[in-house]
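A, B, C and D are the chain letters, set down in written order, and residue numbers restart from 1 in every chain.
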Amino acid sequence: MDIGMIGLGRMGGNMAERLRRGGHNVVGYDRDPQISDVAGLEELVERLPAPRAVWVMVPAGDPTRQTIHRLGELLEPGDVVVDGGNSHYVDDQKHGEELAAKGIGFVDCGVSGGVWGLENGYALMVGGDEEHVKRLMPIFETLKPEGEYGFVHAGKVGAGHFVKMVHNGIEYGMMQAFGEGYELIAASGLVTNVPETFRSWKEGTVIRSWLLDLMVRAMDDDPELSGIRGYAQDSGEGRWTVQAAVDHAVPLPVITAALYARFASRQDDSPAMRVVAALRNQFGGHAVESAKGADSAGADVEAPSV
Amino acid sequence: MDIGMIGLGRMGGNMAERLRRGGHNVVGYDRDPQISDVAGLEELVERLPAPRAVWVMVPAGDPTRQTIHRLGELLEPGDVVVDGGNSHYVDDQKHGEELAAKGIGFVDCGVSGGVWGLENGYALMVGGDEEHVKRLMPIFETLKPEGEYGFVHAGKVGAGHFVKMVHNGIEYGMMQAFGEGYELIAASGLVTNVPETFRSWKEGTVIRSWLLDLMVRAMDDDPELSGIRGYAQDSGEGRWTVQAAVDHAVPLPVITAALYARFASRQDDSPAMRVVAALRNQFGGHAVESAKGADSAGADVEAPSV
Amino acid sequence: MDIGMIGLGRMGGNMAERLRRGGHNVVGYDRDPQISDVAGLEELVERLPAPRAVWVMVPAGDPTRQTIHRLGELLEPGDVVVDGGNSHYVDDQKHGEELAAKGIGFVDCGVSGGVWGLENGYALMVGGDEEHVKRLMPIFETLKPEGEYGFVHAGKVGAGHFVKMVHNGIEYGMMQAFGEGYELIAASGLVTNVPETFRSWKEGTVIRSWLLDLMVRAMDDDPELSGIRGYAQDSGEGRWTVQAAVDHAVPLPVITAALYARFASRQDDSPAMRVVAALRNQFGGHAVESAKGADSAGADVEAPSV
Amino acid sequence: MDIGMIGLGRMGGNMAERLRRGGHNVVGYDRDPQISDVAGLEELVERLPAPRAVWVMVPAGDPTRQTIHRLGELLEPGDVVVDGGNSHYVDDQKHGEELAAKGIGFVDCGVSGGVWGLENGYALMVGGDEEHVKRLMPIFETLKPEGEYGFVHAGKVGAGHFVKMVHNGIEYGMMQAFGEGYELIAASGLVTNVPETFRSWKEGTVIRSWLLDLMVRAMDDDPELSGIRGYAQDSGEGRWTVQAAVDHAVPLPVITAALYARFASRQDDSPAMRVVAALRNQFGGHAVESAKGADSAGADVEAPSV
């Protein structure tokens, strides 16, 4: 079918390519005129037959908001917009209402797959009205992996990005669990063959998983992970997961701990721990020390042995 | 090769069966005479040709300790004992020393696989001297899954059970991550198709894993998991993982949170939260309330709106 | 000085009383005509001499927003509004801008003290411009405790409620720490004199504090806290603290754990733990069990001892 | 009364001094002959009238074990030993049994007070038989603070050190709560007067406490705590608290998080986070980066805005 693709970066470009390979007619727009098929959104809308389908694949936040607002001005009743970016589900709900007021459909679609997606397909998590999702099914069928999984119509508008957000939250927890296990094994001094231990877990264990496979790949390149700093960014989705949990009064200790471990990994020195150190110095009665190696406080008992 | 198997319960019995199917000669002993090949450990030892190999598959703790101690009395220099149970790695180290003093080899082997192991093979994590592990390789080859993974010689005595223990700790974290994600999705009210959401994740996502497959199976039986109480036991291995981490000063926030969630799941009423409730009542100045629904305290401001 | 007090509930009423005792002229308004000095906000504004000071003490959220918006319509340039409720600091920032556009000053004031405040004074945490804070100092001086502490001008608009919010977050962590300590002592079976243990800590220890005093008071009434359910609500401020931390990428493990413990205390059955239980059943190969007492899964080894 | 004091370091020396000021006859022994009253334990025992009381104030672990074992050889039935160090409660139970077999009493005494104790008294938490505790009351009365608090006979042998251990666990949680609150306030950019904010909390707030007082003292010396590294040791007691909780299946999320924050504060680079970073690199499809500033992975969507 015909579809417009707005945003032809790494993700959007590959998705357009997979759609073309699947026989669809994709009109692509990008800010970069070198890779764009059209000069602007107006031309993109003109080039698509009504009722139109337009896939938005631009960064979450203002870029997506502005794009969808502009599409609301350009499109006609009966057209449908898909937001395939990483938008917050509350944004989706606003966009859905804004477009619905003009008779334009809106579907949010969480996409997983990264660089592997072009060849293997993208996992798609979709929110929206049955009617709009149905219309877009030929597109989803082409983008998704070939097997029987990898696509879900999770619920109404917002549900697609919501479950993608939670997927990422689960991912945080799983990654941290592997990290903690690795650290304990490495610290034990008992295990002389760490990479082979992880590799062996690829079969017959409860924790076998794609993340384990990736961990083994990483250790193939760098068995002691010595070339990597213990430093991790977080995407907005981990934060949103925790904030949604707090909104819903859902305890999320594991996912939150994983998020906080990333925050802490980016600190050279923890202000909270400066307070703890200062307090130990106060009640231990020692002079304050500034050197990291020189712990000076808190021994309640200091006595010779006999 | 010839091997003695002590303990023919669900795990030991299946392992003996897999070994026999693989062409080994297994002499089995169990307290239950109906399933035992021999009358006692003495006969088991007699029936095995020297140098002997004996696999111990009895509950961790005293049963294992007593069995290994008794084998130390019955076996001869050059024999080798495998502890395939869930022993603590520190116990292994003691057993290894005790047997080494008599010239008897000791190998600890963490086993994963549960009821699936008879057909699919068992993941094996082994600790011990190269010499003893090598001697037992025909046994390990038969027990392990058919592919290239599922076996590791992780390090010296204790390393096998140590990495199995950590495997279980990682498993705790992963399971809790899935649980938390499920709870948040269910609480959101946005997602009308929860089981299909999890099913869709089986392909193309970062979190695809055997645990996800099992979760989908569980939802096939009971889509809302309504027949299951939110109540989980813990095996000793989760606790040992946390205690080992504390011994080694390794922060383990995710695995520990998962363990604590299990502890909390078994409480009808949290004593800690009784304190929190009592304190809120004290500084809120309210009478103490006993009914769950009647929250009475802590509103710092209570004022009419205009 | 002259001041209007909007909202004469438990907090506002007591604060008006403390101000009157301190010699101030308070014009009070409440929705309840029985306790209101005036018929409405119009009359309240009329009865105050310019430049006016008006203290808003109504519930956070819409009631406060509506009240402040209405004051913006009624007041004149040079007047000043104090929000003494539990507003979110981001609301303060909006209110400050809205009023500033009309030449009206705005000060946010976090208030601590509960029912003890009328006699002992209220701890006040204030945000706003120096000029407005200075004008209100006679009011703050009367409301605060008599000693040298209990008042701070923490920063610009929003800072007052921000630090009050963090105060409450710290309070959550401290309360949970006491609760956990209590639970462990009670579980140990070693300690026959639990209330006296806590009472003894009131002097000479590192943890002596007002919360400890309150805990001892609670145990004086109910030594085993047996009349209290382990169930705790949370005010919005604990949630806001966590959400602000996530916004600022600040790891807050203790305060968040305390908040989550409250969330969990309000659940009869944890959906997350249903998943964990279901997974254990799956890989343990057991039938799903519904009874709480009947743990059925997860024992990897089940074998007789010798 | 007469008492022997073994170990005259900072704690033991000050306690001996406080006892002498209180009219007791103290015979002190220390490895350092310059400060010791006697040449060895034999002479100490000889110099005390029967039935003897001996206070052991040496480091926990082997020094205490060896001292108590030696006292078991030197003392007579009817004598009593106090362990005032930081021993683990399980050690106490062993020592109590060992001495009881010889008719010698044993009392364990957790001591809080640090350098402030000589003048202000020490908080004492005692475990043991009523008979032995009663005999030692003149000593406890002199050591404890002057007010009505600061002493408890918590239960049988082990209970004293157990509750002191839990006291320290609570202390960890409270300190971390203050640290987290500080960090969030500092990160907010809203609060221009951080030390005065904490100082103001000394009256009228829920979190007023000795630790808050100490924090204000620390900020008096160093308002931004800029001279202190965010690095904190942990005494054994925090670890023991967590391990006891795991033994008793008591969830301790706050105290454990506080302990883990200390562990993490001592790491230059987190091995767990190296795994997380490696995994993000793998599924993000990026080359592995070693520089801290160069985050390279995980952006699922990379697209131009329109």
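The rule is simple: contacts are C-beta pairs under 8 Å (C-beta built on N, C-alpha and C of every residue); 3 or more make two chains touch, one makes a residue touch a chain.
Only a predicted model underlies this, so the values are computations on that prediction, with no experimental measurement involved.
Engineer: Which chains are in contact with both chain C and chain D?
Structural biologist: Chains in contact with chain C as well as chain D: A, B.
Engineer: With chain centres defined as mean CA positions, report which chain is farthest from chain C.
Structural biologist: That would be chain B.
Engineer: Between chain A and chain D, what's the gap in Å when you average each chain's C-alpha atoms?
Structural biologist: Roughly 42 Å, centre to centre.
Engineer: Distance between chain A and chain B based on Cα centroids, please, to the nearest Å.
Structural biologist: That gives a centre separation of 31 Å.
Engineer: Taking each residue of chain C in turn, which ones touch at least two of the other chains?
Structural biologist: Touching at least two other chains: 112, 176, 178, 180, 183, 187, 206, 211, 249-253, 257, 260-261, 264, 270, 272, 283.
Engineer: Provide the residue numbers of chain A that touch chain D in the complex, in ascending order.
Structural biologist: 6-12, 29-32, 41, 57-60, 62-64, 66-67, 70, 84-86, 111-116, 175-176, 178-180, 182-183, 186-187, 211, 214-215, 217-218, 221-222, 225, 227-233, 235, 253, 261-262, 264-265, 267, 269-285, 288-292, 295, 297-306
Engineer: Inside the complex, what are the residues of chain B that reach chain D?
Structural biologist: So the residues of chain B touching chain D come out as 206, 234, 239, 242-243, 246-247, 249-253, 256-257, 259-261, 263-264, 266, 270, 272, 283.
Engineer: Quick check: in the complex, which residue numbers of chain C touch chain D?
Structural biologist: 89, 112-113, 117, 120-125, 127, 144-145, 147, 149-156, 158-159, 162-163, 166-174, 176-178, 180-181, 183-185, 187-188, 190-193, 196-197, 199-212, 241, 244-245, 248-255, 257-258, 260-261
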